[in-house]
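Here the chain labels run A, B, C and D in written order, and each chain numbers its own residues starting at 1.
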């Protein structure tokens, strides 16, 4: 097969030089990712953040090639089959993402995790590809003995994170989120089949963790981004609620009709097929349609997403005061002439939290020259060791203007 | 009003510090540009090229600020009102763009130019804004005495081009298309109310023209991009054709229904309102819907756009040979079991041309230190002077695989 | 005076548009900074780090312009005179740097701090400039009521640091050291005549502190950089020692002769004049000359700097063991056939320490929307607050190979 | 041998993973290049342009690795020995450069070309390295059958040019000089053992040629850069002239004494050794010393280089008028109270020319998909084909201010 290069503003060029990789990319299930925003509604705050899951997957595939090349140059044995499988696995790691990615996961699929769907879809494609994805699936499930391959797909230092931090900071223009992915990759080593980092890579790892934290608070959980995504969630909640009485006016003729109004929570092959047909376009279209719906709650929410007239969201360390919260809902009910119950769509509260590093789940190990291994959170002269595992929690109230 | 900054991966930060500018940006007509791809279907070739008309307009607004600042620092008199008007004009210069920008202009609106629509929409907004856009509209129409303001909005060296070349090359990753916008802006001068370039800016202008040409052939008119956009045009043609017999199965419930099946070519206020409600989402949705249509020609075209299974397009200097072309259509008719007439949707031909610089339309003038003025195309020691005005024409045949 | 622009790879263009600034830059005392490496011998590890003090000063001048512009746009009153003075002060803040900057400060000038010399030289230039630098000197000495001007010249968030971190990370290629100087500048405010940071700038400040720390350990105090600079110090020590017996063979005919062999530690006007004539070139030349000196200790050290054959330096948390250290010196004495005393030039030890933030010296204050002011190290939900003031100390042993 | 990575601001990381390459880099002859500015005195105009020949050679070595990797991935047979030899050859291609590179070549070595010296030095090193450079030298001399290896070292599209254009535009900040080196490398093919470019690389080549031309006129032959370099040449001319009567006051004790005052034009092994000891430092030191020389012509020239007080240089298409030129010299003689003969050091004239592409010397061939080969200058639809081979000549007069 001929070699193909794809221009990427982040890495320059991404090279495809294998028939299986080519077939995966050409597959409709993969192409669907072109219609799913990588950062959901973050583009309402960062106008450049319109990049897609497809683009991210391609980028992660590129980094996988770099990482495996680095490890091989250090003498780690990786066969051509393993390399191909790891690349296929990372290319498909997000294929189970639904419309607006994380933002709608809970609402649309009753909490079925996208990794579970990715696996199901990979298995489906594997049938089509006559088992060519066997090894990729084994790696994806962490069933393959060379654990570092899995860790590159899904772990504290996987190429997924390296790409999304790099790419999201590139497209948002939040330059402070830039990580030194190239240096981190140069610092990777394998020891006892596990991925580790050379001693002199400590500062890069520290930088990586700090940058990730910054991206969480400055981009992924930015108060206006969160407000938009919560508004989206409430749009779906409202549509579902309304569907009991007037489903017809809500239907758009696309897969949203099924997942919003009929899905029973069980993912069989038929459902999987339907799932592989929905993407951001269907919801964007629904929002446009519903912005003219006669239900004022639904149409107001939709119009405000369309026209970027977002609710105000305020973070605070303390719990949201119930009395104040109720008062706010009453004010809104009065102001918009709606019931107190309907006002819960215009005023709501919640909390978010972020932990930079959870060593008990999956650790970053530093391999010293003398063979010692230390968890990054236990290294004495690292700035962050004391605080790295602390969880930061923020409460918020989100409300339409009164 | 409080100052607001917007992160832009291209320029770092874009500052909004005026209430009118803020109101324009917050207006639904402007927010609609968020749902129109700047480069139509080019993202099928350059996965990063998913940026929007809104983002481009903001960037051009930013460059307008830089350019006016530069001119003022050189002693050119520009009042605060003129500055605001020029910024408003550039912010709105693309507000008349329809779905998929240039790609569908001809098919959807019978050739009504987007600048004409931009003007109409600006006038409509001006009523809402109580005449605050009067001066902006005057500049936009080139009716204002300080002609350089118009030239910055629309001319050989306008901030529109500077931004789109910079932005498109950034998002596609075609780094060779990068122009030195900052240096060009530093070289701008005003002489007799006209925009000119200092002598030492000649090489930057040369570079600008070359980069523009490169972007045309490498991105805007890339053979796969052109194929995709021609396929899109043929989708609409087919839908229109089918609508005579079975309109209902083609309707999506959005504004596309009106513009495809009812619009009579006259843009009155009612039509303008309808126009301001359609965007890429409506067509993307229609393509998804029609990909399951029973008409094989329509569904095949739609599926292939969705899944990036594009027709092959081949450029040649010579005219396309009629015999060969007919033979090809016959082969396709046979292969897909369709009529010869239907095959014209799967095999078509055309031509494109590009002229880098048309001095009779609008010129780039160099102002020498001694006061002499020369058109860039008439400067002797410039590499490009002999060829700069030549038109390059290419014929193409575009066809489904047999 | 005509406006002049200077190309800068870091910021694009730096604009000079004032006669005093132009005269400062044209002055031989300022041009001397062109011959002083910004990062001393760090280029032996980072080949790109050959940039100069002049370039850094120009960069800091550029950032001063941006910072003052930002503050003015927020309503802070800054007169044209103050702006010019602050720009002059930052342009000259490093004019007292001697050859190889910090690396030789101690050895060459018996610990006279470069800021003290900068002040003396500014005063000297002020006479020539007929008092045009009066206000700049007042600001530089922190005697001017608008304290924030001084803080921009010398403080935790001064434009000096912002430029050197940005520039050093640019030229070394240590991208992880990049700070968001543009965002930090956008976040600056003035309150009670003091420089503060808006609440939403907290993450940028955190990022700034982390990046600074990273640059210290990865670049400024990189073990090979430190080894090279210590070797340079030992070259001067050796030359001084030898000078008691054979001064003539050590003389080069430049200002190094005076400062190495005659200077008595008192900086009078005559000495200041001599100081303003020495730069890196004199020492680079001396090293070349001495690399052929008959004293094997001196020549070996010089040859090894010239040919980048550096001593090995090893960091450790514990104190260096005396017994081991002595043993090493004995081995070296034997191996190179030199006395135990001479071996102290080939094996030496020391320690370095770095504190990221010392709140008692000069603080970074965050100004909240409600008017509260908090020191960055006392903010609860900041990752780094607990560790930010801790001093990291490392001991090292540095030795020629045996 | 262990792998070593070097930070490079241009390419990120440069990897060294071979003992011979490591030994070449560690050799004093190679380290000498660290003390030779890549762009001679261009830093007087572009303060960032202080990068070195060593850095450039490392960069070219990096690109050689990329280019060979690309060709191998396309099936071109390149053995490990050939790859190593090509890398060694490019690493050493500039080892024969003398102080201030091209600027002093003529004056210092009577026109012995630096490539001739590079060859002699490579041969000298080859003895030390026991013939390990045999193949590298064969390639360097174009005596090896696989001609494309030579073409990558020295040809229209060699990695030398690709690196210096990229690097010089990076360090000067002249972004318009950026070429798409990565894309050009991706477009390289080998046909009949010759280096060619794929059809779809035409625009990148065009861009490359234009960028090169821009760098010539905007950087390498910038009027102030040229003035500085001509001043430097005249410093050496003056020193030589003075040496007939007072050599002692001109000596600095370094290799400059030999090359300026004794060298007879014959490069034997002894001379080669002396040559390998001189670099920019020696001349910078001489200029500092001579800036205090009693000869006013010499000292004035030197002071002006030191303090960046450059002569004015003016380009014109016409020949310089003799009468005007003489008049100018007389004015200068009168103004500075020097003889008419001495005034020839303060007022001089000359001409420069640049041809973007000389097809008869070495061509860029495009390989079409159908196997056709066309010289880039003969392709019809290329913008530049008509003017690409034209020589642009400019005359200049350069003079001290009167």
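Here is the rule we go by: a residue touches a chain if its C-beta (ideal position, glycine included) is under 8 Å from a C-beta of that chain, and two chains touch if they have at least 3 such contacts.
Bear in mind the structure is a predicted one, so any value in this text is a computation, not a measurement.
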item	value
Common touching chains of chain B and chain A	C, D
Centroid comparison with chain A (C-alpha atoms), farthest chain	D
Repeat of the A-B interface, chosen from A-C, C-D or B-C (over half of contact pairs identical by residue number)	C-D
Separation of mean Cα positions, chain D and chain A [Å, integer]	50
Rounded Å distance between chain C and chain D, as computed from the means of their C-alpha atoms	32
Gap in Å, rounded to a whole number, between the CA centres of chain D and chain B	43
Residues of chain B whose C-beta touches two or more other chains	12, 175, 183
In the complex with chain C, residue positions of chain D that touch it	6-10, 12, 26, 28, 31, 34-35, 43, 46-48, 50-52, 54-55, 58, 170-175, 252-254, 277, 281-282, 284-285, 288-289, 306-309
In the complex with chain C, residue positions of chain B that touch it	3, 5, 12-13, 17, 73-74, 182-183, 186
Touch list for chain D against partner chain B, complex	175-176, 178-180, 183, 203-204, 206-207, 210-211, 213-214, 217-218, 317, 356, 380-381, 383-388, 390, 392, 394
